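In what follows, a single structure is set out as structure tokens and then discussed.
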Amino acid sequence: MDLNDTPEQAAYREQVRAWLEEHKSEAPVLEGPDALPEDQVVDAHRAWQRKLAEAGLAGATWPKEYGGQGFGPIEQVIISQEIARARVPGILDVIGVGMLGPTIIAHGSEDQKSRYLGPMLHGDEVWCQLFSEPAAGSDLAGIQTRAKQEDGGWRLTGQKVWTTNAQFSAYGLILARTDADVPKHKGLTMFVLPMDAEGVTVRGLRQITGDAEFNEVFLDDVKLDDDMVVGQVGNGWGTALTTLMFERVTIGFGSEGLGYRPQRFAEAIAGDEAAVRDGDVRQRLGHITTELLAVRFTSYRMLSALQQGQIPGPEAGLSKITTVNASIAACDLVADALGPDALREDTDSQLSYHTSFLPGLKSAGGTEEILRNTIGERVLGLPPEPRLDKGIPFSELRAKEKEAAAR
Amino acid sequence: MDLNDTPEQAAYREQVRAWLEEHKSEAPVLEGPDALPEDQVVDAHRAWQRKLAEAGLAGATWPKEYGGQGFGPIEQVIISQEIARARVPGILDVIGVGMLGPTIIAHGSEDQKSRYLGPMLHGDEVWCQLFSEPAAGSDLAGIQTRAKQEDGGWRLTGQKVWTTNAQFSAYGLILARTDADVPKHKGLTMFVLPMDAEGVTVRGLRQITGDAEFNEVFLDDVKLDDDMVVGQVGNGWGTALTTLMFERVTIGFGSEGLGYRPQRFAEAIAGDEAAVRDGDVRQRLGHITTELLAVRFTSYRMLSALQQGQIPGPEAGLSKITTVNASIAACDLVADALGPDALREDTDSQLSYHTSFLPGLKSAGGTEEILRNTIGERVLGLPPEPRLDKGIPFSELRAKEKEAAAR
Amino acid sequence: MNLELSDEQQFLRDAARDALSRTKTIEAARETLDGGARPDLWPTAVEAGWAGLLVSDENGGAGLGAFDAMLVMQEAGRRLAGIELLGHLPASALLDTGGYAGIEAVAAGERRAAFVGAVPPGDLDPEWTVDSVSGMSRAPAPTFDGSTVTGEVAWVVDAPGADVLVVVAVQDGSPVAVVVEDASVEDVFRYDPTRRLGHVRLEGAAATPLQADVAAIERAWYLAQALLAAESVGAVEACLEMAVAYAKERFTFGRAIGSYQAVKHGLVEIMRRGENAKSLLYYAGWAHASGPEEFAIAASACRSAASDALDYAARENIAVHGGIGATWEHDAPLFFRRAQLSRRLLGGTGASIDRVAGELLAGSAPGPVAPEGPTGAAATAVEG
Amino acid sequence: MNLELSDEQQFLRDAARDALSRTKTIEAARETLDGGARPDLWPTAVEAGWAGLLVSDENGGAGLGAFDAMLVMQEAGRRLAGIELLGHLPASALLDTGGYAGIEAVAAGERRAAFVGAVPPGDLDPEWTVDSVSGMSRAPAPTFDGSTVTGEVAWVVDAPGADVLVVVAVQDGSPVAVVVEDASVEDVFRYDPTRRLGHVRLEGAAATPLQADVAAIERAWYLAQALLAAESVGAVEACLEMAVAYAKERFTFGRAIGSYQAVKHGLVEIMRRGENAKSLLYYAGWAHASGPEEFAIAASACRSAASDALDYAARENIAVHGGIGATWEHDAPLFFRRAQLSRRLLGGTGASIDRVAGELLAGSAPGPVAPEGPTGAAATAVEG
């Protein structure tokens, strides 16, 4: 057991640190009082990603032939740690480089790889993930966006939701139903969607916070050529699973990835003598800290396993559950300690923002219930719930549901 | 809205109080340093029940023709309150008089009523409830005790469990399967079981506390005549529901009936200055007290509804959930405040006893999960879970389960 | 014993529901959050006669009880109606019994009052204190010198725009309730668009003392707690209805989500908490009318149960709705905002819970003699 | 970075599992509760070499680290083995570095040691304190006058029958670790038959000081916390196995109960808590070896997570089993008893949680620089 770098890792860390030291003055300021004007943020961030990519600090785990370094996860973590240490932003397109690029590497055609991966890595073309729909969240395979085949291509109609970055993306990876007459997991296909195609409309979706953290994307008879299919027609679910596996790795990093650190909450109350001396405040803070520290070391365990070539299982979702719930408890604690003043929305503290934002995060990336189901069944080997949708053609299933809801 | 007695109720209360004042010296001492020797407790308690019955203070809600007073629930509560106030025991056979007698009144033959109700009310014959089995707890209708018909009677074989008072009961009301070839709720029949019948064995069942609070009852080819059937053959489930409805009323009285009062826990820690000043201890005590006070007023609401002739719904189970969980939290709090000393088993404080006893109580009278299911479906109108056992003959069901478990 | 609502109470409740349904209060809350004007519901309250609810007949009021006022608050809570009764009602009760000359205008709602209360001493803290602008450290109650009052009270509910402030202050160590008609109130907005809050700053403001003993002043504080509780209970019921309806119509994996135990049990938990809080409203209502020595613990228990229930209900409502429940256009976030701010008002929920513990530890025996159930014993509940 | 167990660690763990499986420890616990004799497992510990686990090579020990000791404790916890290592190991570490003459006999297990520790000062309490016989009010640590030690320490784990006590006392305001070989120890039994507890009473008992600075004395205290945590993690794993197995074989309404969400999610919650605690064992092990300034927060977090996880697991295990899980013949109650008593030992779990908060508020930055995940940003986790 060793948390320290091997000599090779230490050397690599030194190299990354040196590059960042030299270039950090070129990094854009995205937050705080010196932040760039909002309308310059995306372009500045994009330019910074290009520099990181040129230095080999973006997509380090991608194979060399597609512009990566062919590194393992530890080196990627070293990059992330050093970026955090230098207090500069990471890349702009974490969804593309972290999840969608790897999906194209695994399932895309050679033409797709050579066309899309380079611009993605360099931030020239940002990507978004178009999976979720209003009626397909927890039950992701219940996708209703239809793709009808026609000569040499497809026509897509439907609606996607919870799409991060759609407002400035060049492309999206979209999951659509190409066959409604087979059971629901079987009739799906994955496509590349140019976001500027005719019939694509992006609309910001305001959250409880008042900000549009996500988008809705509407598709009205959007034409796609055959060469936009990723993987095989009808195998969209299998392709999506690859994306979700990479998402899982990210989720496994829980509070670390989400930036909810215990100090942040402690600092908020440390100035109030009565709070610091209150037994209830201290117990709650101690509990929250314990949970968030545990997530940190769970992520090290996962990283260690990744490094040994193991694929993380669904238990990675536990870190997301822990992080979200502990962070919710922390916001609650701070508001109890500071009173209504903790809920002011016109400051930099972001506590009020997180108070509003976190309840929605409970449902993102799989609700807690779905995660617990999956872990119970796949990891603990518990029997599944009876499934009423198994083997039933999708079109029939919808009709049944409508009927049941009407009762 | 009025919590006070009407003039009639006040007059009745006065009358009960006067009787108790006059006779309380005759009441047995069942607990504490002056308690009777253990082997005299049951007989003394039985004699006391007889006196209460003769004074009209047992089974007051029973119809007059069966020895009751034909009163409503408020008068019964007045009796219970005055008994508590006088610090004397109530009746011995609360299960018989409270639940099984009313079941016989509702479903029994005239012969059964005239034979059994009188001695039950007077404590001459104590009764026990023989429903639960090792494999039929939450899923009570899954009963496996078989009753095979033969000339003029039945032969019963099987095992019952969690039977309170079986060790000194004269009779039991027993639910058995008379037909395994119909779906499980349909093949059941209720019988009167003389506890001294040949083939009946009672064995104390020790709990986590070390005491045998319950019994197991084994039935080995026990012969019962036809006149022991209560209600109709095959309608045992319907008969059992009557018993369970009366049980629900009792459960609805939650902490009151169970005797978990907030003062009791407060007293345990009030002497420790550090505990009294600790913010965490105070928050926890405040929460627990709030929950237990709520149960008290929920019981008043139920009583008020009962008095208007309404039958309590499954939501009465919420009081049991609240009481048990709040009491568990209270024991936990006291042990946190007092340290290991709270767990000594050789004192009168009973805190250690309750610490051990309460986890088992979670499952008694319906697990929390079953109660929440029922309330969700019957009160909130939520759709039921898919049922895999519906309409399937009992014998087939068992075979299926065995097969599934073996997988 | 009879806990059924009387015919008059049912009428009062139904009339409140009807009157409040005429304004789109929830939609208005969302618009206010987006910068729109706050709807003025005070005329509705005046028309319905709620301003004088707790004022005696002879002073032009309806002479009703705390429980009746709670019924109205419950309806207001159900619709997130930003009506100024939470501040007005406790103030009006003190003005009524305190010999205030302008009481009839207050009862008629021509003059709106607000209660600038203080937390009574507890088993550990001998002082009267008020909420400070930030932090758990509490501020001393304002001081009264016989003619003027000085001090600062933060987060006073319904203070902005009130014509009359009833301020709890301390004179020579004893509490007094004084009337201030010309105070400096800083209008502050925090998180919940339905709530009017003010920081009241008094620097030698002219003040007239009311006839009110310590018990009456304490009683007003706990009345405010009970009214806030009632308002929260109404909001819990609204959340439960919303979540149950969605759980019946939303399908995943071929089943309505309400058929899954995780969802079902969560909804039952909203109900459990809501019903507990509701039972405690009866306790507070009874204690206000007939058991004054228990009103402190009853109102505090009621407030803490209701605040916690609403916090739970608002969060669960969002969770049951999934992602959509956290969007701007949905009603669930408005209830969430209400829950979060309400928890921190009037001393904060934690202080109410602490008060319950303090009262219990100090030996106030809560509750009248309790029934032990028709069959009177524990064992029945444990029979399988 | 590599958190995999080394081959030696895997061997140590497997050997422990094997050695402990030779005694029916769980059955023995039940019999002890019923008045039977407590099995003596010390010979097993001696034979396996655990007595000298933390003693350096040159003093006849194995010279292993805290994490290795935790692996052994985890196996002991899994089987409720009442082995006296929790008292012995921290004591042996102090004796090893403190220049104790009889260290080789201690390393060989010929003489069993017990640690009579004290809670180090925190951000609010400047004193060294020990557990008192009853209540939250803490007692001062014993005092040392240069040759004798006086004071009373309650609920000392493994003290009865120990040959050597290592007592943390205070001399002129500074902590010292002293060796006492002739102490009065009252054997006390509380609730968990597998645990040997003693009230240690020292009235001018002859004592020899060890060479141990404040850091070493604090370190011994937190080592005890980490070992208790490891033991609890093992018990959590046992509860989880037991409950999962039953959930697969018990049927209600035609389905295995493990297929119901309420049961399934509860079992996953045991796992979540157990895995969190297990991750913190790594933290404590790492901090003991390489991050001494974080050992206090790491061990305290680890102990609190593990104690809470075991409490939850033991209760859930009973609940999943239904009525049968609360009967005398079942193993579940024995784990429950273990959980309840363990929570209250060595200062109590609440004190550990408080210490985590105190360390954080005092500004000890926990944890090495943390990875932000391979893709390094929050947004990915929120993508539907």
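Note that the chains are named A, B, C and D in the order they appear, and that numbering of residues resets to 1 at the start of each chain.
The criterion applied here is as follows: contacts are C-beta pairs under 8 Å (C-beta built on N, C-alpha and C of every residue); 3 or more make two chains touch, one makes a residue touch a chain.
For clarity, every value in this text was computed on a predicted model and none was experimentally measured.
Chain centre most remote from that of subunit C: D (centre = mean of CA atoms).
Should one ask which of B-D and B-C has more C-beta pairs in contact, the pair is B-C. Separating the centre of subunit A from that of subunit D, both taken as means of CA atoms, is a distance of 38 Å.
The geometric centre of subunit C is 47 Å away from that of subunit D, both derived from CA atoms.
Multi-chain contact residues of subunit C, defined as those touching 2 or more other chains: 248, 255-256, 260-263, 265, 323, 350, 384.
Of all residues in subunit B, those touching 2 or more other chains are 132, 137, 161-162, 278-283, 364, 369, 372, 383, 385-386, 388, 404, listed in ascending order.
Against subunit B, the residues of subunit C that register as touching in their complex are 1-6, 9, 67, 123-124, 240, 244, 247-248, 255-256, 258-261, 263-265, 267-269, 271-272, 275-277, 279-280, 282-283, 285-286, 290, 297-298, 300-301, 304-305, 308, 350, 352-358, 360-361, 365-384.
Touching subunit D in their complex are the following residues of subunit C: 260-262, 265, 323, 384.
Per the touch definition, subunit A reaches subunit B in the complex via residues 278-283, 383, 386, 388, 404.
Put simply, subunit B touches subunit C in their complex at residues 1-5, 9, 61, 73-74, 76-77, 79-81, 83-85, 90-91, 94-95, 97-99, 129, 131-132, 137, 161-165, 213-214, 246-247, 249-253, 256-259, 262-263, 266, 270, 276-277, 279, 281-283, 285-287, 289-291, 293-301, 303-305, 307-308, 315, 318, 320-322, 361, 364-365, 369, 372-373, 375-377, 379-386. Within the complex formed with subunit B, the residues of subunit D that make contact are 33-34, 131-138, 154-155, 190-191, 197, 248-249, 251-256, 260, 262-263, 311, 315, 318-319, 322-329, 333, 336-337, 340-341, 343-345, 348-350.
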